[in-house]
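Take a look at the structures listed below.
Shared between the two complexes below is chain A, which has chain B as its partner in the first and chain C in the second.
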Partner chain A sequence: MGPRDRKLQFAFVGPALALLVLFNVFPLLFNIALSFTNAELVGSEREFVGGANYSRVFTDPRFADAIRRTASFVFLAVGIELCLGFSLALALRREFRGKAALLTTLLVPMMLSPAVIGLFWNLILNGNYGVLNQMLESVGLPTPQWLTSRDWKFTSIVLIDVWMWTPFMMLISLAGLSSIPGSLYEAAQIDRAGTWTIFRRITLPLCAPLLGLAVLLRATDALKQFDLIMATTGPNDTSTETLSTLLYQVVFRDGRLAIGSAYACLVLVLVIAVATAFTRYLEAMNRRPA
Partner chain B sequence: MSHVDLCGLSKRYPDGNLAVDGIDLSIAAGEFVVLLGPSGCGKTTTLRMIAGLELPTGGSISIAGREVTALGPRERDVGFVFQFYALYPHFTVAQNIAFPLECVGTAASERDARVQHVAQRLGLLPLLRHRPRQLSGGDQQRVALARAMVRKPAVYLMDEPLGTLDGARRLEMCEFLREQQLAHGITTVYVTHDQEEAMRLADRVVVMAAGKILQAAAPLEVYDQPANRFVAHFVGSPGMNFIPGVMVGVDRFRPAGGAIEIFAQVRDVRECVLGIRPEFVRLSASGALPGRVVADEDLGASRALHVDTACGRVIARVGSGESGLRGASVRLDFDARGMRWFSASDGARLP
Partner chain C sequence: MKFLRWSVLIVYTLLATLPLLWMAVTSIKGREDTISQHARFIPTADASTDAQRHTFVPTTASFAALAEVHSGARHNFWSYLTNSVVIGALSTVASVLLGTLCAYGFSRFPVPGAKDWLFFVLSTRFMPPLAVVMPVLMMYRQLGLTGTQTGLVLLYTVFNLSLSIWLMKGFIDEIPRAYEEAAQIDGYSRWDAFIKIIVPKARTGMAVTAVFCLISAWNEYGFAMTLNSSGAITVPAYFAGLQGNIDGMPWPQVAAGGLLFVAPIVAFTILVRRHLLRGMTFGTIKQ
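On to the complex of A and B.
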């Protein structure tokens, strides 16, 4: 490769690299640096305080609470989305009239902005004038305060997330299902496999790697859940406080920039840890003898 | 040992295409039948209907005297070898072979024993722990075969199983298949478009075209006594020569454009076609038909000379020693024993 080619290489890669450093690498490093100071959102005085922020964060029960809540959110939402999405895909795998139209309709929630979805569901779930409660009332069922009662708001947010992201799981599942050659099913029929055996021994294991990938994507995304909560119960609500909303509160309500940075670093480590564990697991699954 | 009977079997696809057009075929127990024909002749559809992978739109199928026309593949007890193997990619070779046994609930110990037994017969023992994608095409096909054989089904159905193998592997597998089939006497229906494979394997060759059976007979009979021009042309390599012409007098045939007359015992037609295989066309100094050699194919044990004559292009099979004849002027003679006569209108064999 001549020097000219090398220059050309930099010319192509340079701009992207510069943007990456400017908007990703620099803020990340700056954030790490901030987490070791006593910086506030307002004011420019800051001193190095060592690991003081981290020891405060680790002993803060709010942090432990937020982690627990976020974990159960990820587990519930992604789990339900996976089961529901895969079942839908199984039901929709065959060709039928109007399939394209139905699929497009089912994909709409995924395409909308979470803020818009939050507004939608506010109207549906509102305890006093929401559509859902009007319907429940008309058939004589109890009408809970979906978004404001302590017992319900977490569940409501999980269900909204399920409504929003099940289509994604369905789409990936459909791709996984359609990647299985029809001749395998024919071979299984010849081998006298029953419907359940075919599902358990052929469909599921052949779809599993793709489903695993979908779960990984959804899980890392759900770990960062923020916008849906902002748009429904708002950030100032401890019973739906996730890591991201906690972070927002610490920095933008309390103005404690340094502690927020420490939180952010920990969340980052957590997400990376989960993602790594998961990809390892996926790789191992692909290599394992069945 | 099970016999298979097809009666007026038809398949019309939803798009209106009539793939199989009312065929009748009785396959004896233990017989090796090869369905032979060009692509789209309905041979694979017929096989898939016997397997239950396609349901016929007319006619009936029975296996071992049991009517199975409307039954699914599960209820038919057939072994099917797919053209592209259709092995389960996430199973090992051993698991692939064991799967049919697993599905009918065979005990694990017996399962292992039978997998070992079949694998040993097919030379797969060293590969049992491999995955299909780690194997060559030939090995994958042997695994597919082992999977079909492990359950000892009533009928083997094979859809161009050797289609993706190279020449040497193909011959080897052909011999192997025939050996296995003879040893176990399991009724086999085998689909191919390769006439050489058909000749090598079959007890009976069924030549199909456009959804119909043109001829069903022993390989030699199909070769020697083809039922019509299509069969005569499709079977044999190089194919049969055809020379159209007219009958003059009671027993003289005059080829179109040819200044020769050939003794022919064809009655009641004026226009007809002489069919003669290349091995019955001879070079001879006293031959009646002059021509020029335009191409010279080396077939190994023999040579095929393409000769332009007044009656059109004629291919002669000669000894491998007769080389260097391209461009030469030769005279051709037809051996009366090899002459077959066909109708000029529909190509049917004339008696």
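On to the complex of A and C.
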């Protein structure tokens, strides 16, 4: 490679990387700096206050609550999506007429805007005139106040997320299933292995690497959950407050920029941990002989 | 087993399609028909007055009403949709162009620290918008970019770069180097070889990448809402902002607007259906 090519490579990768650094590394450093001050959203005066914001955040029960709620949201939503998506993939494994069309139809929800669809879910889940409760009533099931009862709000948001993202798990599960060589199943049949044994010894272990990737991708997304909550219960609802909505509340409703920055820095530590796990996983998967 | 399989599929398909179907039905109703305690889903020509009826008289009034300014909003739906179209289109073009260049660089040159850079690029996608938005907001205030289309175009371009770089790298890696090497022997410069050989071969990849960038810009809400108090409000920010007043909601208009907003996404999903797996996993799973 000559010196011209060396210069040219920076012309290719430079502009995009420069923009990414400007919009990600700079905010990160700025956030760290802000978190040691007492800056507010309005006004430009600020003083250095040391670790005061951090000690406030760590002793704030709201922050602990938001972390716990975000964790259970990730755990529940991603868990249900994985089980349901994988089961659907098993049901869709064999070829039948119209399979391609059905698949595309089922995949649509994950492409939609959670903010727009979330608002419309308010009509479907409405306790008085919502169509879902009318359907449940007609088959004799209980009809909860999905988005207004304290006990149900969180569950409802998990369920809407499940509706949106189960297709994603299904898609990846299908890819995993189709990568299993048929000869393995033939061999198992010759050995007279039972259905359950085949599932546990062949299907599940061979799908596992892709499912792991799917879980990590979904978890990083669910960790940020914001749009759906804003469009269904709003930011000022303590029973559905996650890290993102808490951040919004602190910065944009209360105007406490510095405290918000301290929150943001802690959230970023969490995100970096998950992102590192993801990239390690990806590297390990690529090293594995296909 | 077969019975179980089909019943699971049928029940799930019904639940999965219900929201969009209900949106379509709601968009051609009058407001009274949307908040009835007996779901009205059978369009008829004759008006009935039975309180328990399941029929309604279809109307396109909701679509006409999209031109009106809803109370609490400053503009009508069409102006928000225009913002979404302009911001989505411009940022998509910019992301795909910059992403293709960058991906080519990573694919063909031994860029120092390439692996670390690529993982840095991917990790930017994991950042919650709310955690980076404050410094961006302060920077935008200094530059006068808050509430402008330019501000959001710039932000979405950067936000989608991770997706664009990773997807395009996958596509460009699949194009054999022999093509450019042959071209360079014929006297093409590296740049000419890129423009005349690689770009035409990567056209499908660029189109697929564009669709995914467009969809993610189109649907984005966190930045759109926090960086804008008035100016370039996009449809997701407008709709989610209506949340506080559920009982007074003009549901037929919301459904009509929602339908117009999601229709292009459904069309694009059908268009890229073979590449969905790749697009949704940043090209880490290819098929």
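The rule is simple: the second predicted complex is superposed on the first by the 263 of 290 C-alpha atoms of A that agree within 3 Å, B and C clash if a C-alpha of one lies under 4 Å from a C-alpha of the other, contacts with A are read in each partner's own complex, and residues count from 1 in each chain.
Convention: a contact is a pair of C-beta atoms (placed from the backbone, for glycine too) under 8 Å apart; a residue touches a chain by one contact, two chains touch by 3 or more.
Owing to the predicted nature of the structure, the values given are computational and were not obtained by experimental measurement.
After superposition on chain A, the partners chain B and chain C are seen to fit next to each other with no clash. Legend: residue contacts after superposition of the two complexes on their common chain; A:I202 is shown touching chain B, with no touch to chain C. The vertex angle at chain A, taken between the C-alpha centres of chain B and chain C once both structures are aligned on chain A, is 90 degrees to the nearest 10. In the superposed model, A:T59 makes contact with neither chain B nor chain C.
Of the two partner chains, chain C is the only one that A:S87 touches; chain B does not reach it. When the shared chain is aligned, chain B comes close enough to touch A:S183, but chain C does not. For chain A, the partner with contacts to more residues, out of chain B and chain C, is C. Using the contact criterion defined above for the overlaid structures, shared-chain residue A:N122 touches chain C, although it does not reach chain B.
When both complexes are overlaid on chain A, the residue A:D191 reaches chain B alone and has no touch with chain C.
With the two structures overlaid on their shared chain A, chain B and chain C come no closer than 18 Å at the level of C-alpha atoms.
Taken together, the two complexes place no residue of chain A in contact with both chain B and chain C.
Listing the residues of chain C that touch chain A in their complex gives 5, 8-9, 12-13, 15-20, 22-23, 26, 34-39, 41, 98-99, 101-102, 104-106, 109-111, 117, 119-124, 126-132, 134-136, 138-139, 155, 157-159, 161-162, 165, 190-191, 215, 218-219, 221-222, 225-226, 235-237, 239-240, 242-244, 246, 249, 251, 254-255, 258, 261-262, 265-266, 268-270, 273, 276-277, 280-281, 284-285, 287. Those residues of chain A whose C-beta lies close enough to touch chain B in the complex are 181, 183-184, 186-194, 197, 201-202, 205-206, 289-290. Within the complex, the chain B residues that touch chain A are 51-53, 72-74, 78-80, 82, 84, 86-92, 95, 99-100, 102-104, 129, 147-148, 151. Taken together, the chain A residues at the contact with chain C in this complex read 1, 4-5, 8-13, 15-17, 19-20, 22-24, 26-28, 30-31, 34, 84, 87-88, 91-92, 100, 102-124, 126, 128-129, 131-132, 134-135, 163, 166-168, 171-172, 175, 210, 213-214, 217, 220, 223-224, 226-227, 230-232, 234, 243-244, 247-248, 251-252, 257, 260-261, 264, 267-268, 271-272, 274-275, 278-279, 282.
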